[in-house]
Amino acid sequence: MTKKIVTFGEMLLRFSTSQGERLSQAHHLTAHYGGAEANVAVSMSHFGYKSFLVSKVPNNPIGTAALKHLRSHGVYTDYIFVGGERLGTYYLEAGAGERSAHVTYDRKYSSFSQLEKDEINLDEILSGATLFHVSGITLALSPELRELTLLALKKAKERGVRTSLDFNYRAKLWSQQEASEVIQVLLPYIDICFFGELDAVHLLGLDHMDDSLPMEERLLRYYTIISKLYPDMKYISSTFRTVISASSNRLQGNLFTDGTLYQSKIHHIEPIIDRVGGGDAFAAGILSGILDELPPEQIVSFATAASALKHTIHGDCNAFSKDEVIQFANSESGKIVR
Amino acid sequence: MTKKIVTFGEMLLRFSTSQGERLSQAHHLTAHYGGAEANVAVSMSHFGYKSFLVSKVPNNPIGTAALKHLRSHGVYTDYIFVGGERLGTYYLEAGAGERSAHVTYDRKYSSFSQLEKDEINLDEILSGATLFHVSGITLALSPELRELTLLALKKAKERGVRTSLDFNYRAKLWSQQEASEVIQVLLPYIDICFFGELDAVHLLGLDHMDDSLPMEERLLRYYTIISKLYPDMKYISSTFRTVISASSNRLQGNLFTDGTLYQSKIHHIEPIIDRVGGGDAFAAGILSGILDELPPEQIVSFATAASALKHTIHGDCNAFSKDEVIQFANSESGKIVR
Amino acid sequence: MTKKIVTFGEMLLRFSTSQGERLSQAHHLTAHYGGAEANVAVSMSHFGYKSFLVSKVPNNPIGTAALKHLRSHGVYTDYIFVGGERLGTYYLEAGAGERSAHVTYDRKYSSFSQLEKDEINLDEILSGATLFHVSGITLALSPELRELTLLALKKAKERGVRTSLDFNYRAKLWSQQEASEVIQVLLPYIDICFFGELDAVHLLGLDHMDDSLPMEERLLRYYTIISKLYPDMKYISSTFRTVISASSNRLQGNLFTDGTLYQSKIHHIEPIIDRVGGGDAFAAGILSGILDELPPEQIVSFATAASALKHTIHGDCNAFSKDEVIQFANSESGKIVR
Amino acid sequence: MTKKIVTFGEMLLRFSTSQGERLSQAHHLTAHYGGAEANVAVSMSHFGYKSFLVSKVPNNPIGTAALKHLRSHGVYTDYIFVGGERLGTYYLEAGAGERSAHVTYDRKYSSFSQLEKDEINLDEILSGATLFHVSGITLALSPELRELTLLALKKAKERGVRTSLDFNYRAKLWSQQEASEVIQVLLPYIDICFFGELDAVHLLGLDHMDDSLPMEERLLRYYTIISKLYPDMKYISSTFRTVISASSNRLQGNLFTDGTLYQSKIHHIEPIIDRVGGGDAFAAGILSGILDELPPEQIVSFATAASALKHTIHGDCNAFSKDEVIQFANSESGKIVR
Amino acid sequence: MTKKIVTFGEMLLRFSTSQGERLSQAHHLTAHYGGAEANVAVSMSHFGYKSFLVSKVPNNPIGTAALKHLRSHGVYTDYIFVGGERLGTYYLEAGAGERSAHVTYDRKYSSFSQLEKDEINLDEILSGATLFHVSGITLALSPELRELTLLALKKAKERGVRTSLDFNYRAKLWSQQEASEVIQVLLPYIDICFFGELDAVHLLGLDHMDDSLPMEERLLRYYTIISKLYPDMKYISSTFRTVISASSNRLQGNLFTDGTLYQSKIHHIEPIIDRVGGGDAFAAGILSGILDELPPEQIVSFATAASALKHTIHGDCNAFSKDEVIQFANSESGKIVR
Amino acid sequence: MTKKIVTFGEMLLRFSTSQGERLSQAHHLTAHYGGAEANVAVSMSHFGYKSFLVSKVPNNPIGTAALKHLRSHGVYTDYIFVGGERLGTYYLEAGAGERSAHVTYDRKYSSFSQLEKDEINLDEILSGATLFHVSGITLALSPELRELTLLALKKAKERGVRTSLDFNYRAKLWSQQEASEVIQVLLPYIDICFFGELDAVHLLGLDHMDDSLPMEERLLRYYTIISKLYPDMKYISSTFRTVISASSNRLQGNLFTDGTLYQSKIHHIEPIIDRVGGGDAFAAGILSGILDELPPEQIVSFATAASALKHTIHGDCNAFSKDEVIQFANSESGKIVR
């Protein structure tokens, strides 16, 4: 039977400029719907899971469009509440080469950020689920959402639903101190966790390792410490991203489990078509691999390939099936197929 | 010397779909900057006035883009304050034929709506000005803005600056009762006023005239009553718009002064390219004609021609010079010029 | 509980030129997925039904795209088989004014046209269904599909599932004689039927009524005759379309039931954005009204409004909810809503 | 054997805005190649003639693009000389409804306008030709071109090549007096001539007929007078164009021969996609009909249908075959063909 | 006198997505006409040859568009027959970086694949020709086309027309064994032949050389063996393509003649705009160089430069003149010319 | 108080193709307004200066559009004269990878090139100015413009206005000998000068240094010689541009002052979105840095960063503020900011 996956987070409408265009010059903007957890749900749907997003959108054509977006990717919208004031939006001025992309948020007062606890029936939502996934963005949006998330994680644990947290720290949304306090409360309830070196130091308070150690060695040490603190945390994962320019990145995936760090090959991503959602595609790949009980080295290869693929298409969503990701992971890059 | 014109109001970013496209289908949206008073300022700039907008925009690329928009039309941005949370936005699903256009507002919490009185130095702003113009939209946005407007009108009167008010009633922003109370306080300070029959009845509380009277007769009577109540109100103006469909309208301008109602010829506007800003173009035409001391029949012809022209181009702004409007008003329609 | 609706037919990929462009000049073509029965399914989904299409698409990215299209409109794809050679396509050179649109079919050898009987489990498909709908296009595609349709109609009748047939005669697919023979076999099993005067004469063999009779009188007589021949046929419906030009049509809906002909008001559709799918939107409107047990005059008004709305948007699909159609049917046309 | 047609004139590159856009707002311009005589050559090629343009284009990518344009429509470019400074250009601000299109010429110093007599071998060019066609635009461009045209017409007459002249008066290029003097010298050598009432009065010096006479009666009288003055002029032709707006015209064709005026039905052209080249399409239709020795009423119907069709597509060129024009002339307008 | 070149093959309509877009997301597709032999004909036309394609296209607007495409590039369409069912199409999902482009064929049942022998008069077609070129794709399409090709090659040899074959093996069209049998029958009649190492091994049955040998050494050996088997085969050619990614390739040309292998410099092609037709541009470059009797090192440089240029433009066609290719081959790359 | 900057030069309208498109294939062209001195004025305006362009544009919509362009970037148009025949234009066929961009000029007979001395009141223009900037392009256009420039430089020196000259040698406009004679007359009046090694040798007649010397050493020697010849020349500047391909360049800035050569870091610009205006952005950066009295190493870093940024956006204009350039100069490249 198809496994039920539940994610919990905000949907946003992104307005992007074309490459080579500043926001102040743009007469046409591309509209993409997304959101960290929504993107994970979309990937999981393309991977064959019965994927739900728990969220709230306004009762207007923009809310409707957000729902239509999810449905077109096969995500179930049964747990999306309708109401509130607005869908959060943001503007992305596309980068090019040395010039970075630039985000302008306009997401305050969103319907989701004003979601109230009693709107949600967590028991119904978690019933029959295999996995519950959330990211730090949801936590940053309101105290109410933090409480809800904690409650959901506790209930999930009780019911044997696996739990997953992607730190996804956004400095424009909250301070490191706030994030640190909130996240540490949740960690005991997390089975699968996504965070990197900076998070380990700044949000979890570990000492910065000696920079003379290689990156993977440092990461292994951070992860070993954390996994001992939180014994339920069976998997910790992250990516190394080397930013050569806004158009060219190198990407390698990391997966720590049972005391060992597994790494994917390094993907050379050039040109980058759209990197928004690249991390979510990676997270979905890890989650899917874990649920499929693949060996760790395969999980991390699959997830990194999924993320690399995402970078080659516009929009937040990784619209590739499991087979397509596997074929890509195994093929020589760039050969035309005909 | 070029006359200084001051308008006071909010700028908005409009996201429009293409004709024949629903918001939920749109992957690209057209971005237009505008606002009732900003549009009047733009028209006045193209008509040769030194035009200012008093407003507030956020300190981000969208605020910058709004300023750039005004400058490209020659509007002075010296009195635009930078700060606050966001630029108000709205979505316009374009209509076609029988199907009306549909507006979804997302303008709450805007920088302008949170403008505070002491941010503005009215004396500086009004210094040397010939005209001060505002619309009911500004009044609808906050009590602070109402107070500011009242203060500005009083100061304008003291300084001999002419004052103009366009009712621009928007049911989505405030109730008729609220609007009625606010507007009636201002009317004694208004020299030039734009409102129609529905406003006369619902906002000014006049009795509805017998429908068997012809429209122009009814309007004449309403205007006569009002002009007696407010002796400073030398000019009252409005348009008759016959909506045949979202793609085809008839438009006639009305100007009441010295007890007489003057009417323009009827413009047949088909196809309508974009009717947003059509009323603002009309208002600017009336204001320009009055400042030029044209005879009333010429003022109303000029203003209605300006409004008809606006309907033939995309965007909120009437980018036609005085000469172009006059040439259009006098020419046979639709002949290719070569 | 949401009612289950089953439609049975082919999906096509349409390549359209922009208005004012010939196929031989076109460097970019717009891709729309559709099909007579698929379009009905889409409308019914937007009207709140649990809508299924029974069909077959190839195992390639074009087949996948067709499925994605349906899902984005909420149509269930559980009964769509994957295999065969190709998705049928066609080219639409858009018309303008006096110049008609022109269709070039490239739909032979499609996966659906090669569907075989034993691929389909009619019992499962019809289980729990409220309505089964098919059009003459399915019948035109292969003898196998005719047999399947007949079988499905018989089974539907046995199970108390309502049946609906839209003649949709296409001269490029089969001759009148062929169509006539096939259709007459099916009619005894049809509850709701869509055909017009030309069909009555050329496919059902009725004598052409005297042209001096008004159109509605002639239609009433045809429908009376047919409804007596086929006592199960409770509803017969059609539209009168007056083609002023490719950009301007008048449209009126007809619904015959219990011996009475009900007619909608006449919609003036100008400009026509895209008339493909206009008939399907009408059919879906009639079906929805019947299932909602509306009075006949409301059914036909609703259906004709739905069809008129469809003409104002691009693509084959009528992406309007029941509420939106009702609001449109009742509103003055063309007023901007803000 | 396919008949050889020779036209003589300038090619221009047109930069057009989209509908609803002013030149000062346009970030993208559509590029169309054309020219009065080139357009006639293109139509004649689509009608099945072996069509040549005699012209001159610069030796740069724009000149190359002009040649490619002609070849894509099957026009022979053997007599197009390469050299000189530039291809003439012009800007067309598209009109909409009441607002007329507006042309800004930038065509001075063009390669063609600087063509010299000895670059051209008229004997070779006219060898084997059936028809030689030129318009008043060529005459307006330089004295050298006038001399060349006169010489060509004389040689054509000697060789039995039919001659055709379309007045095509452009006030931006020369005065009525200049045009009048030049044209009157050529008329004795013209077999087929295109001009209307205004030309008869202003360029040929006829007295203005009493306006109380119906238009066709007046035209008949002008044509009768002229045809007596120039006995070789077997055909005179023109169109009546009623400009309802820039988006809607009525068009009727006139053809005078043997003392009788034949008129086509009136075409209602709405919306007008692009009217540039509409007159050239008409001229080509008349010329084709004459060469085919059709009866006059058929000639004028065919030509007016060709012109109406041209208005429904973008660009200067009437890319319709003889069969397509005939089918259009005979069909009910606007029916979708499928 | 301009040399006559004859090519024989199918035309296809390609639907491409934009970079960064999946087929299932694409609302607009770019239409390109091409085909291996058609592309060679186009290149040869731009190089100054009188170029013909022998082919068959359907009698519909798509067939017409294919003809127009060829004519716009100066290719003669006298030997293109009109009839049959359809023009073959295919979909190209553009690749980006590591993600390869992906082709979905929909070319079965095409007019060309159903061409029959007696439709073609080979004597007329070959009369006066200098070169006859065909590729393995034509051979893959039907037994009838194989017979026709063999007949054409024999007749060409009799008449002293040079013959050229590009293997162009497509695994989606036929098996290696089928291809091997067919091609080996033709080789005795071939003067100029295009194939690489894989073809030598899999289609011609040579033993795979030891991989420790450098590529050029291996190729030299294969070519030496083959040229001894087929003494008429004066030239054998191929390219080495190093696929760094879908956006970046290295390309080097090989030409074997008189026992020596000549190689071009290596072109670094990045970004790749569109690689479809790159091989055809190379083949045309080789053919043109041979007909011009250039020294072998110049031939291969010219051909590889032509192919590299093709990669920098959209569409299948290499629209560069001989001079432009030479200038490119000799210039420093990437300098702006102004 | 904001410093007044005056630049003197021609505005041009550029028509660009999209990447991967030849001019002969282009149906849509992008319109950009620019010009070497205009671009400097735009940059200076974004850097916070009160920037003027002295120029002349035609009295037509294209002239109006040029003015609107400047105003939208905050440039003052008070000294732009209206009249003359045309705005100069040029066509840019975009390059890609190894294929260079290609410029086709159509700028002769422009309004600016026909500017006459007595149209300009140099005293008014220079009044209150801090800087006067001009480039060699202005000098190339007419003897009158050379005289005017000389006069302006002399007057500037008298008034203590700093003077700047960018050689900007264009081989398509004048010969090296002409340029050499003209420029050498002006050099005594120049404070800040932009030229590179080739200019030093070919326009200033210095001996070519031994190529075995490193580039910066050679440049230092040239600059040392020149600065001794022209003691007023306090700053000499240039860029080293390594053209890897049309899509990838390396760029390093040079600034010589007080006998020392300062160099920026090397920017790797890939992909290049649009390099037109890159040199003007650099010049503006140098000028701004000098006026801000930054240390030389900061000036050259700022200027090179400004130029690198310009390469990442479409159009001639560097629409970045001083803060944005500084932030870019100091940031790690390519990180998304959110």
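Order as written gives the chain letters A, B, C, D, E and F; numbering starts at 1 within each chain.
Everything below uses one rule, namely that a contact is a pair of C-beta atoms (placed from the backbone, for glycine too) under 8 Å apart; a residue touches a chain by one contact, two chains touch by 3 or more.
By chain, UniProt protein names: A, B, C, D, E, F = Sugar kinase.
These numbers were taken from a predicted model, which means no experiment stands behind them.
Engineer: When every step has to jump to a touching chain, what is the lowest number of steps that links chain B to chain E?
Structural biologist: Graph distance in the chain contact network comes out at 2.
Engineer: Which chains does chain C share as contact partners with chain E?
Structural biologist: Touching chain C as well as chain E, we find A, D.
Engineer: Tell me, please, which of A-F, D-E or C-E gives a repeat of the E-F interface, judged by over half of the contact pairs matching in residue number.
Structural biologist: Equivalent chain pair to E-F in A-F, D-E or C-E: A-F.
Engineer: Are the interface residues of chain A and chain F largely the same numbers on each copy, more than half shared, or largely different?
Structural biologist: Homomeric contact, different residues on each side for the most part.
Engineer: Using Cα averages as centroids, what's the distance between chain A and chain B in whole Å?
Structural biologist: Result: the chain centres lie 46 Å from each other.
Engineer: Which residue numbers or ranges of chain B touch two or more of the other chains?
Structural biologist: Where chain B meets two or more other chains at a single residue, that happens at 22, 24, 27, 68, 102, 271.
Engineer: Name the touching chain pairs, would you?
Structural biologist: Chain pairs that touch: A-B, A-C, A-E, A-F, B-C, B-D, B-F, C-D, C-E, D-E, D-F, E-F.
Engineer: How about chain D: which of its residues touch chain F in the complex?
Structural biologist: Touch residues, chain D against chain F: 15, 22-24, 26-31, 60-62, 64-65, 68, 85-86, 89, 91, 93, 102, 104, 106, 108-109.
Engineer: Show which residues of chain A lie in contact with chain E when the two form their complex.
Structural biologist: Interface residues on chain A, with respect to chain E: 267-274, 308-309, 311-315, 319, 328, 331-338.
Engineer: Applying the document's contact rule, which stretches of chain A touch chain F when the two form their complex?
Structural biologist: 19-22, 24-25, 95-103, 105, 170, 172, 243-249, 271, 275
Engineer: Going by the contact rule set out above, which residues of chain C touch chain A in the complex?
Structural biologist: Contact set of chain C toward chain A: 68, 71-74.
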